[in-house]
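Read from first to last, the chains carry the letters A, B, C and D; within each, the first residue is number 1.
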Amino acid sequence: MLNFLEEWSFFGGSILLIFIGLYGVLSRKNMIKILISLGLMDTGVNLLLVALGYVEAANAPIINSVNPSNAAAFVDPIPQALVLTSIVIGTAVLALGLALVMKIYDKYSTLNISEIRGLKW
Amino acid sequence: MLTKYIFVPAAAAFAAYILNKKNKKAGATITALVSAYLLLSLALIYGSWELNQSFNLSLMGYQLEFLMALTPLSWLFAVLTSAISLLIAVFSIDSQADFKFSSVFNLNFLLVIGSIMGVLFARDFLTLFIFWELMTWTSFYLISSGKKKMAGRAAYRYLILSAAAAYSFLMAVIFIFQQTGSFAFEPAAEFLLNNSAPQSILLLLAISLPFWVKAGIFPLHVWVKDAHGNAPKEFSPFLSGMLLKVGFYGLIVVFHQLSFFKIIENTIAYRGLPLLSYLFALLGAVTIITGTILAIRQEDMKKLIAYSSISQMGYIIIGIAIATPLGFSGSMLHLMNHLIFKSTIFLALAAVIYRTGTTKMYEVGGLIFRMPLTFAAYLTAIIALAGIPPTNGFISKWVIYQALIEKGYLFLALAAFFGSIASFMYVFKPLSTVFLGQLKPQHQEIKEVPLLMKIPMLILIGVIVLFGVFPGIQMNIISQISGDLGIETVNYSLYSIQGAFGAWNSLYIFNVFAAGFVIALLVFGLAKKSKLVGLLDTYSSGEYVTDAESYHYAYQYYRPFDRLFDNLAAKSLTGFYETLTANLLKSGESFRRIFAAGRVQNYALYSVLLFVILAAVGWII
Amino acid sequence: MVNLTLIIALPLLMAFTMPIFKMLNSKLPKFIALLTTAFNLIVLSSNFTEIMAAPLILELGGWQAPFAINLYVGPLALVAAFLINGSAFILSIYNLSQDYQFDDKFYLLFLMITAGASGMVMTGDLFNLFVFIEITSIAAYSLTTFAGGSSYEASFKYLIIGGVGSVFLLLGIGFTYSAVGSLNLAEIAASAGLINPLLLQITALLFLIGIGIEAELFPLNFWVPDIYTEAPTAVSGIMSGAVSAAGIYALARIFFTLFPAQQFFNYLLVIGVITLIMGELIAYQQENIKRMLAYSSLAQMGLIVTVISLGTEAAVKAGLFQLINHSILKVLLFISAGVLISAAGSKKIKDLAGLGTKKPTAAFGFTIAAMGILGVPFLNGFISKFMIISSSLNADQFLITFLILAAALIEIAYYLKVVQKLYFEDLEIEVKNTAVITVPVILLTLLIIGLGVYPQLIAEPLEKAAAEILNNSRYIMTVLGGI
Amino acid sequence: MIDLIYKIGHFLLITVFATALGLLFMGIARKIIARIQKRYGPPVYQPYLDVLKLFGKDAITHGFIFDFGAVMALGGVIATLFFIPLGSWQLYSMEGTVLLVIYLLAVASLGMAMGTVGSGNPQASIGISRALTQMLGYELPFLVILFSLIFRYQTSSIWGLMQAQAGSFLNWNLFAYPMMALVAFVVLIGMMGKKPFDAMIAPSEIGSGPVVESGGKYLGMLLLQKSITIIIELALYVNLFLGGADNIFSFSFKMLIVWILATMFGSLFPRFRIEDGVKFFWKWPLGIAILQALYIII
């Protein structure tokens, strides 16, 4: 029973996080809030990826003196490697987004996305 | 070696383009030389019908072979093309002196000639399609090099219409290619014959669509007026003389070589003629009537003549559609004669435009005193167009009448009669407004056109009278063609054609006409000498006449007659096409307003929606 | 037989050392970009014959196939890579005559985007594909901003959509990994049977949306008009020429190898046709020439996706040939449009009137490319249009063929409007002097006419590419052959 | 060679005879109209005197085209005479003469039109534009009638059509197809430009239209041309509907009757406006002609 609840909380939690982020991107008017919810979605996905690699009662996939290098003892390392790169990409995108928001603010002097309609066609 | 007829003009085109940059006359001279060369070599290979050539190419896994062959029909059209382009080129050596786009003009003109040769000699659909597209494109550039704004729009509409038709052609042709495995005409014809009738009729109609557009028959004639009216003055004769005829070449190929008539033989017939070809003939009749009515109303010379070309095309399609030997030879005769006298008219008008610079009829007048030779050329041409005996126009119309009366098609005959009688009206209008009546002060010192422009006109007058008196010359090539296409020939001699109800002896009539003329001259000579008096010195029933401008009756020449058809002319077909395309493309506008409205959140929302919809669809199936 | 990984590695190396070159001499970055892309082309052509024989597998980091990330370079990938690096090369020639504000950073990103796109095309690993997609998108976000003005807004919008897309893509990768346990495309394809249908359905859709943005499909491509209009000419050129080609390749690779179920191809067919019709109709309305070209390239992408998703070998070959033609023609169109705009000083079509005489090379380039797209005989567009129609008729999709032809007709309409304006209307505005683009125009025109008159040149690679993409069993065999 | 001289002699004889007869008819017409209007009217030989007077006076010309037009008009009409069988005199029995005659008449009117418009007087051009419009009006029903006649008797030569009506007078076309004969009669009046359809030479509106500028010998020639045209049209009508005649006297007698009827009919009605004229021609005569043609074809 516990195992099911435990399992469910990881997946459910991260998918819930993704939906919150998605809702944030779609509905918020303020650009910075949009970017924040985008970051939220990213973390949600990363959490899901790590959760996928979960193995019952195994410890983190770091080889050091404490635990020897037999494969069974570790959680599946590949998703965690993926998460590393995806976090890097997420931050890069957010940084670029914030820089763009600054530039747009200079031009339109507003952060409200619905007012920025320069490109109507 | 048939491909030389395509590559020689193409190569010369680029040479003409470069040379013309330096000296304005070079381009036209090269065109003249090339068409003379083509004419000569064509004359040499007359009769060798077995001359053919094919080369195949495995392209992207498709086995394609390009066939070319010389048939009497294509030989005739090729000779006509090269002859008319020779005359126009000689004419345009001088007349293009002040034409801004003359080098582009000559480049495209030679390319058009080359591509027409390609179309004529093609024996398989792919080559036909390639050269047909090339012809459309190059003539598009030619038309749009005319008067700025309107020429552009006219050429634009012309190209869209022919591109749409070309695509229907391509679709049908590829469908046949899939069934028969090759593009050639023979296997396609044989496949269509033993295919289910409705499907092959549909296929053949799709294939003939571009030819209907190019021939300017009723529902698809919308582009002809603007294209001819606004094309550069040197290209209009070629456009209405030759380009319209290439459409008929295609139609003849579809009707006879692709055995369209054999297919529809067993469909329900009206008075012995399958309903579908009677429908085509009716279309021709309607073309005559609309062309004539609209021609009478025009104020612009070239537009008037353009409409008259449309109505003359109606005669040709009637002749071809009723498919009797008389009908076919009548239409072929009329096709050749129309080419001759229509290009004379256009050349004469081009000469007038070259000297006066305007195409509006009411802005000129009384030019007979300054340009007698152009007047003579125009007079002979309109006598031929109206179909008055000693000229070739009468013979072809007479043969078509014989064909119609022989089979008793009343409505077609009615339209044909209407067309030819009304042609007196719209033919006389330019004569009286441009050449006769008062000579405007600003045109006092106009000189006759230079020699190089006179020669083509003189040659064409000679040809009109020659074929008027000796139709036999035309008839022996036509009988070759009907023989090749499997239609029995009409018996004829050098100067008479055996119609359904009687032979027609043109030499005899010519002598009688001359005799009558001599007697009248005698009566005129015996009487007293008459005193020459100026144009303004006329009986003006009491009014005081000051300037020639107000004393020249030219504007709305047939106003009473036009009043009968005002409402018909108002709802023109072009309006219908314009609105159709306009609101089709408006839908694009509303489409954009709904979706691409610039709000990024909507875009993100759409991607999620797509996911949801597709998931739902996947889940249901 | 230079190792193909250099094609990705070298540009990245050159990109990140660009600031150093800038310090050495201000003119250097331009030439470095040119040299790198030229070098890439040489490497690609040196491997040409060998790859034609059998696809090349390159293990990165010396690991065995299923474990390590491997590059799979088949004929299709080679053709796409040629396309990408070719357009990059042509555009860098164009860039020689342009000068950008922070040019070293521009060329850094320019090389990055080329490397990213080539990586997308050559990777054999799913996550690696994700990484390269992200590299290309980030480079694209920042490259567009070099034009200033409202390009920030355009790139911000693209960033948002790109972000959402990458989340979907990552989710898809996560689900496939959890189901199959490996990221290698071949292994996933081999054990595709294991995934339960529902999960397969979801993952396929996630991939569709994730990569669909890159391949400019209907509901996902609203960033395209803004980016192509606001970005500098070179960037819109590389985006429409190279990046969209990479997007199409990725879409085809994923759907032909991982999800070959007919159901997804029907989705792609429908979406492709909508994109085609929508793109053409809106393009007709445009007054701004770059926006018109943007919608037109969007529509062409729709056409290519429609034709490829027909699934027969002839159709895929036609689609690929159209892809190649489209990239060549679009690059030429954007270059000439760029020059015309800078000459007329405005992007509005009506201000371009009469430039034909003043800017002969640019106007000539535009006309040749326009006629190429419209399928004038003896130009490359004609052959691909012919193949498209015959392949779609072969799959007896009459409605699709009719729609394709109708769209082509609308296309003729709006391209002609511009060509007529260029040549046959008189000039009102005084003309500013602009960059000289004779070299790229001549190169591309030769390519267009060459392909048009003698398409045999690329018949053989196309043949092999279509065959290879279609049967994924051979793909699996070659990659996992060892085990 | 002798046969050629005989033919030319015969041809000259016919021309002189036709002109004389035509002028006589015009004199009779004036007499009849005068009688209807309760006055005596000029003597019957008045047209001869007019012609002689006109050729005596000197005239003005407006250049080459003015002269050429007059000569061409007269020449065309004389040439048409050649093809019409007048009673027993048949110079040329070639097939296809019916359509030919219609077009040869057109040559004459085109010549006249060119000459008069060449004079530069706007009234002449207005007259010609009316004449051509009206020609379109009356030619259409006439050609439909010809269509049905040719189709019915399977020959398009006037001599053939005349032979077809030989035998008793009962099988003249007048009685075989009365409606067609009536329509042809109305068309005949239009063709000759008699009263109700003479908008083209309306003296009050456009100064007698085309002939406004021609005086002296030009007016004389136009008068001659008018007289020969009357003879040709009457002869055509008689041949087609009254079975022609074996000798010239009964032939001209028949022509006289038709002529008298036409003038009487003409003098009763006011002038049609030009488009009403065309509308009239296309409404009743054309309708009846088409019905008749359909009756014959089916």
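Criterion: a residue touches a chain if its C-beta (ideal position, glycine included) is under 8 Å from a C-beta of that chain, and two chains touch if they have at least 3 such contacts.
What you are looking at is a predicted structure, and each value in this text was computed from that prediction instead of being measured.
Participant: List every chain that touches both chain C and chain D.
Facilitator: Both chain C and chain D are touched by B, going by the contact rule given at the top.
Participant: Contact counts by the stated rule: is the higher one at A-B or A-C?
Facilitator: Higher contact count goes to A-C.
Participant: Measuring from CA centroids, which chain ends up nearest the centre of the complete protein set?
Facilitator: Ranked by how close its C-alpha centre lies to the overall one, first comes B.
Participant: Which chain has its C-alpha centroid farthest away from the centroid of chain C?
Facilitator: D
Participant: Calculate how many whole Å lie between the centre of chain A and the centre of chain B, each centre taken as the average of the chain's C-alpha atoms.
Facilitator: 70
Participant: Please report how many Å separate the Cα centroid of chain A from that of chain C, as a whole number.
Facilitator: 29
Participant: Rounded to the nearest whole Å, what is the centre-to-centre distance of chain B and chain D, using the mean of the C-alpha atoms as each centre?
Facilitator: 37
Participant: Just give me the whole-number Å value for how far the CA centre of chain B lies from that of chain C.
Facilitator: Spacing between the chain centres: roughly 45 Å.
Participant: Give the residues of chain D that touch two or more other chains, as numbers and ranges in rising order.
Facilitator: Touching at least two other chains: none.
Participant: By the touch rule stated above, which residues of chain B touch at least two different other chains?
Facilitator: Within chain B, the residues that touch at least two other chains are 592, 596, 598, 600-601, 604, 608.
Participant: Which chain C residues sit where two or more other chains touch them?
Facilitator: As it turns out, chain C has residues touching two or more other chains at 156-157, 160, 164, 225-226.
Participant: Write out all the pairs of touching chains, ordered by chain label.
Facilitator: In this structure, the chains touch in these pairs: A-B, A-C, B-C, B-D.
Participant: Could you pull out which chain A residues touch chain C in their complex?
Facilitator: For this pair, the touching residues of chain A are 18, 21-22, 25, 31, 34, 38, 41-42, 44-45, 48-49, 52, 78-79, 82, 85-86, 89, 92-93, 96-97, 100-101, 103-104, 107-108, 116, 118-119, 121.
Participant: Residue numbers of chain D touching chain B in their complex, please.
Facilitator: Residues 8, 11-12, 15, 55-65, 67, 70-83, 92, 94-97, 99-100, 103-104, 106-107, 110, 113-114, 117-123, 125-126, 128-130, 132-133, 135-136, 139-140, 143-144, 147, 150-151, 154-157, 207, 212-213, 216-218, 220-221, 224, 273-275, 278-279, 290, 293-294, 297.
Participant: Within their complex, state which residues of chain C touch chain B.
Facilitator: Per the stated touch rule, the residues are 156-157, 160-161, 164-165, 168, 201-202, 205-206, 208-209, 212-213, 219-220, 222-223, 225-226, 263, 267, 278, 280-282, 284-285, 314, 317, 321, 371, 375-378, 382-383, 386-387, 389-390, 393-394, 401-402, 405, 408-410, 412-413, 416-417, 420, 423-426, 455-456, 459, 462-463.
Participant: Can you list the residues on chain B that touch chain A in the complex?
Facilitator: 592, 596-601, 604-605, 608
Participant: Using the touch rule from the top, collect the residues of chain A that touch chain B in their complex.
Facilitator: Within the complex, chain A touches chain B at residues 22, 25-27, 34, 113-114, 117-121.
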